[in-house]
Amino acid sequence: MDPLPAEEVRRLVQAALTEDIGGGDVTTLATVPAEARARAKVVARESLVVAGLDLAEAAFRALSEAVQIRRHLSDGGRAAAGQCLMELEGEARALLSAERVALNFLQRLSGIATLTAQFVDAVKGTRARILDTRKTTPGCRRMEKYAVACGGGQNHRFGLYDLVLIKDNHLAALREELPDAIAAAVDRARRRFPQLKVEVEADTLEQVQQAVTAGADIVLLDNMTPEQLRAAVILVGGRALTEASGGVNLANVRAIAETGVDFVSIGALTHSARAVDIALDFETGPMGGCVTPAFVQ
Amino acid sequence: MDPLPAEEVRRLVQAALTEDIGGGDVTTLATVPAEARARAKVVARESLVVAGLDLAEAAFRALSEAVQIRRHLSDGGRAAAGQCLMELEGEARALLSAERVALNFLQRLSGIATLTAQFVDAVKGTRARILDTRKTTPGCRRMEKYAVACGGGQNHRFGLYDLVLIKDNHLAALREELPDAIAAAVDRARRRFPQLKVEVEADTLEQVQQAVTAGADIVLLDNMTPEQLRAAVILVGGRALTEASGGVNLANVRAIAETGVDFVSIGALTHSARAVDIALDFETGPMGGCVTPAFVQ
Amino acid sequence: MDPLPAEEVRRLVQAALTEDIGGGDVTTLATVPAEARARAKVVARESLVVAGLDLAEAAFRALSEAVQIRRHLSDGGRAAAGQCLMELEGEARALLSAERVALNFLQRLSGIATLTAQFVDAVKGTRARILDTRKTTPGCRRMEKYAVACGGGQNHRFGLYDLVLIKDNHLAALREELPDAIAAAVDRARRRFPQLKVEVEADTLEQVQQAVTAGADIVLLDNMTPEQLRAAVILVGGRALTEASGGVNLANVRAIAETGVDFVSIGALTHSARAVDIALDFETGPMGGCVTPAFVQ
Amino acid sequence: MDPLPAEEVRRLVQAALTEDIGGGDVTTLATVPAEARARAKVVARESLVVAGLDLAEAAFRALSEAVQIRRHLSDGGRAAAGQCLMELEGEARALLSAERVALNFLQRLSGIATLTAQFVDAVKGTRARILDTRKTTPGCRRMEKYAVACGGGQNHRFGLYDLVLIKDNHLAALREELPDAIAAAVDRARRRFPQLKVEVEADTLEQVQQAVTAGADIVLLDNMTPEQLRAAVILVGGRALTEASGGVNLANVRAIAETGVDFVSIGALTHSARAVDIALDFETGPMGGCVTPAFVQ
Amino acid sequence: MDPLPAEEVRRLVQAALTEDIGGGDVTTLATVPAEARARAKVVARESLVVAGLDLAEAAFRALSEAVQIRRHLSDGGRAAAGQCLMELEGEARALLSAERVALNFLQRLSGIATLTAQFVDAVKGTRARILDTRKTTPGCRRMEKYAVACGGGQNHRFGLYDLVLIKDNHLAALREELPDAIAAAVDRARRRFPQLKVEVEADTLEQVQQAVTAGADIVLLDNMTPEQLRAAVILVGGRALTEASGGVNLANVRAIAETGVDFVSIGALTHSARAVDIALDFETGPMGGCVTPAFVQ
Amino acid sequence: MDPLPAEEVRRLVQAALTEDIGGGDVTTLATVPAEARARAKVVARESLVVAGLDLAEAAFRALSEAVQIRRHLSDGGRAAAGQCLMELEGEARALLSAERVALNFLQRLSGIATLTAQFVDAVKGTRARILDTRKTTPGCRRMEKYAVACGGGQNHRFGLYDLVLIKDNHLAALREELPDAIAAAVDRARRRFPQLKVEVEADTLEQVQQAVTAGADIVLLDNMTPEQLRAAVILVGGRALTEASGGVNLANVRAIAETGVDFVSIGALTHSARAVDIALDFETGPMGGCVTPAFVQ
């Protein structure tokens, strides 16, 4: 996947540091001499897919440009429990004051990447690809969608602006005045935004048929059983892409994927991933002693 | 709890709408006439403690000041599955374009409030109060701590600036040069920041003793068993407040609370709460028909 | 067309007023008493299509909320030379200090709308629609694309993010390594961004063929003669939308449109429209004496 | 002329890139490998005076600090059609994603500089200097006035704050209460802002006389014929500077200049300059092969 | 004097409240119920000239729009010790949380206004007017210059952009290459910025002569004795305005003013005014009981 | 003391330069060639404690990164009259254009540091430490509190968020409903913000007794005579820290300090310090000739 743009990294890290440090890290200012130096390792405490290393690194560097950093993994890589992700050496104050912000980024984004990877693994061998949704934390969409990509998922639309997605509520406004709401809505969208694809939500096979007939590029098959999905895929017959959504979990995702849909979109990837356990261990031995699976071979 | 300041609400909502809408909600612009009106209900799809109604309301109002809103609950209130939280009536475009942003706030914050309330319920009858941590989403700390308060929890420090919290890593920098690191660190903090409280992390009973002797206001009992916690509370003997942390979950929180500690702090409240299921249902009947448990009696 | 979002209006007006007024409108402060009131008319000095009335109005209101404003036309309307677009009454200082900023918006945007309308009129009766491009003034894209819509044109992509448009320079990077660059590029784009349409630039009929075969949604026919365009349209045969671009002017646009292309895109709409002549006339008669073609009938 | 301040360059470039790239340059991300490198030339497609090279350069560097750039001209220099202005070598993605933003700056500013130079050339040998106005694109005044300076023009006031310019509308507010409005207005301005120059707009020779008598530093001769201008210059007799404005174009500017006025101010320099044609040519030969008039001698 | 622009008031108040309140006014949140109401008076504790009432009012209103405010004086008015400047009634929390910010504005700006008024009083009857300088608190220039105007002083240039002021250091750069530096510098400034006035600093009568000969609009007489000032004024003979500066205090300002200079500029007005004593008294009687000299007559 | 964070330095310097330079330093642009170079010394014109060197340096560097700077003192150091604080060499334009901004920072902050040092010297040998207050210039608190630290003072709370300080006005709201307002208020604060210290304002010995009994961490002894302070200190008996405030000046501070209080807080440190005299002397000799007391030994 492509890295988060440097400007987005800077914006996110700056906001997080301002929020956390405010008038000053009083503990560190009071107890740690300005000239003290330290070494630390970022360590995975459980098996995970890592995401957010650029953000973590930027948090430390924002407080001291001279911090030396050695990465042992890249975003998207898998780490075993106990594995060292990154080593740091520099001003003790900078390492201590940025610790929480760096870990907050890493734990949350790696949590998303790890959950995504479990879904991606679960559908391996089918044609289905795992998509995220717009159910992201307000203000954090780009980094959360980046984390989905780190986990092997694919990004659905970035916002309301880059894809027309006609849902039942849009049709409700039209239905009162028009006989064939789906066709009418697709047609309006085509004329107004010819450069954009049009996706239509369908709750029934009848609606699937209407969507395809109307020329939808993608049909969103909402809350259907695997049997309905299979029938819908046959009905579409390759004339549009198909996306299954609604109530997807690790237990049923493979059955859904095996129906032949092109995409499975899952809100939980971003709205309900738990943080994974990553810690910053300060140490006293010589730098470079990061004896981990990723490093020793 | 006190409401989120109006300025913070505005900042969060503005950022979220900009992120989601960007150049325009193309679907709504193309399919829904500017003059169309709609009614909708915000409905809990599962049992939950609600948080974020101000943010949700501000999202709709940001797109149309004239939207009429009727709330059936306040933040901190408990809703049964199926209960209507809020009714809306106004420009259909505004309701549709703000829907996802409003729900993203509500689902995430109510998720935090609901999880917090489960912990608070679990320790009912003990002296222990449930605290959050600094393990919050970058840029979202104030709203997430607000959600913890909605769930009946209490807020720990807001950042690195309003409490001295001396951890092992701070001591590590001092230990090399000083015989009694805890006493030295507390003393430095007292002199440098006389207006702030000092908390000291202790991993062993010996460190608990040192922290109390050094005059710590609060002792953080990190990763101790209930037996160790009980011994620590006795050792402290009321000379400082006690806070248990590390590995707390719904299964063990009551046992921890019964050791007599003053606080139990739990990172998962903010870093691993799943979103609860809340939906926006568009409807066609006359407004006010919100026949829900909260409304009919 | 949909209005510019209120937030964008505010941002643009605030920036313009700050830029122009800086530390203060010294002339007005020195010569015009704070309590003086005035009336003024915004008058078209030449025949034009108007755009930017919201911006002009916001400029006056930003300096005095109590300014009374009566519009005699809406954005997108046509005004004859001498016609009154808007009447104002209120604090003389506010009218004088905002005059230039209000006119700068109106003259520039109406200039774009007027030029666009000339192109739209020129192709009337053909299937071709007039499109703008990304050749806009840095920082002003949304208002300039809005002005194009006021003139009856349609908006092409808003930025690099909402449509894949593969040009020769993109292919150049691929050509070295791949036998069939267009097919490869379309395929990569499809897989990476399934929710977006793909447009391909073609300079020759051979490339048109390759683009259609590769499944492009739109083919950009760059710098072709009407004969080539006609052949390209036949070759495409409805399998994709067609867009003509390059060297389009009022003299040749009809010939281009008559080739059957779906779109004609014209950079000059935004990069080379001249400002139209609009003035603010201060007056002494009673308000409402705006005797103009729009008003008297 | 003095360069645009680095901070202004950064602000403008950042805003333009954000506006254009948004969530990502999807075409480039999908089709161009991260490691691909490219060379390109910025080439004048018509004869022009160049302006905006700092902005163009900053756009490329903002996306990749390592881009190598060789300029063959400085801002203010004249280029023949076909001449290479700048060569670039570096990450292909950065060159492609910044191309449009860089060209938008260059084409617009060089358009202003080129038009200005035509006016400057037209008055060569007279005492008159060419001035711009405040009729600039909202938010872009500094860069547009910079472009005027690149074309050999001079900058009139930067905003409402650095020169008192009393126009008829200011006098209208005073006239009702005072017998000699011009004298009264100049006097008020002198007392209130002793550190600023005072310019007075005059539409008739009588007003010219009043302005000079009142002690105006500059007299704005608005919409006068060459005969009137000549009479006004004689009347002023060196007691003030004289500025002609209103309806100036390339056909009449020399006649106006030959009346002896000190300045001719022209709104069209900034509000109606068309963009000049400048292109970015990607190439495959070895860097340095920029065989252009500026380079080969 | 003209009021501070509403936008500047908002900017200053917002920054000050954010700086002071941060995460919350913990004392007020903990001790004062949300529904509590209070009344308070802003009272002058010493004789003063008031400035900053708009800022104070905006601070209270920013926290509660419904606060009722009655002013008993306007900015620029003189208050005796004990006099009530403003009464407030509304949410107790808003009054308490905004108190310090409101007073910080009032005390500082009234301090500047009061000191200015002492200088203005001291030169009454002479032609000299009291000017401020650019020696203001970084970021606060507009409000500090506004306070000078409230005290009856006049504003010197607002920044480096609105007046050419040639000092010895500018000449130093030129002197090496040119025989007559002052004439050369004035001439360059005239040509480059014809719309701006030119002031020249003179330390000796010889330099005064050179400045006047060069056509300076204003001569800055720096650090001269009253005798030298008198001679300089005679030498200038009305051909330019004269400004005395350097080492001015309340003891010598009248002697300086009586030399006939047009202006006396004083850095201390803004860089060394002490805050005057103004307090917020909370009270329990019925609102309107503000029995003060300004109110009872 | 710890340095101002780099980000705060950048923010302050940027705002100050924008405010002062605006559209351009017209004098320098007109008279000083772009290639001219200069040397200058920052010289103390009176005895002082220096503060703000980072800000001054940043102001020069913001205009020219290549300016060479040699410091002869650090913030917090004492300079005799005539002593050179810093030498500069580089672009003449950058030195001239940043001069005033750099001096404004230095003069104001060194003024605060110098006044603070006088108070600190006055209480030498007692246990009392000198504290600042929240009576700072709006928007400048961090730099002003930094200057207090440079003068040897200590910082009181940074805002309303990091210490509970219960004053009479808070109690007034409670007193109506509660018999023992101080105890009630302390208790509420303890429960609501267990991580914060609680300070209570006491005007009488009776209130001192109540505050201590209620468990206040710090007692603010407001406007007490030395006799009352002495009695209060005895009454407190080490159970809380004691802070004297109100009407403190250089004449009475030692008597107050000798009563045994822990802190003396003084608003005048920040709200009424006069600027000290510091100048920028441009020179012509070879760099390094800074023959000053600090440099020659």
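Each chain carries a letter (A, B, C, D, E and F) given by its place in the written order, and its residues are counted from 1.
The working rule: contacts are C-beta pairs under 8 Å (C-beta built on N, C-alpha and C of every residue); 3 or more make two chains touch, one makes a residue touch a chain.
What you see is a predicted model, and the numbers here were worked out from it, not measured in a lab.
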Check: Same or different for chain A and chain F, where same means more than half of the interface numbers show up on both copies?
Finding: different
Note to self: On C-alpha atoms alone, could you tell me the rotation angle mapping chain B onto chain D? Nearest 5 degrees is fine.
What the structure shows: 180
Checklist line | Pair in A-F, A-C or D-F that repeats D-E, with over half of contact pairs matching by residue number | finding: A-C
Next item on the list: Just grab the chain with the largest centre-to-centre distance to chain E, centres being mean Cα coordinates.
Entry: A
Check: CA centre of chain B versus CA centre of chain C: separation in Å?
Finding: 46
Checklist line | For chain E paired with chain F, centre-to-centre distance based on mean C-alpha positions, whole Å | finding: 22
Notebook entry, point to check: Out of chain C, which residues touch more than one other chain, so two or more?
Noted result: 22-24, 29, 158-159, 161-163, 196
Next item on the list: Spell out the residues on chain A that touch chain B in their complex, using ranges where they run on.
Entry: 12-13, 15-16, 19-33, 36, 38, 92, 96-97, 99-101, 103-105, 107-108, 111, 134-141, 158-174, 185, 188-189, 191-193, 196, 267-268, 271-272, 274-275, 282, 284
Item checked: chain E partner contacts - residues on chain D that touch it in the complex -> 154, 156-158, 161-163, 192, 194-197, 199, 217-218, 241, 262-263
Checklist line | Residues on chain F engaged by chain A in the complex (per definition of touch) | finding: 2, 5, 7, 142, 158-159, 162
Notebook entry, point to check: Touching chain D in the complex: which residues of chain F?
Noted result: 14, 22-24, 29, 34
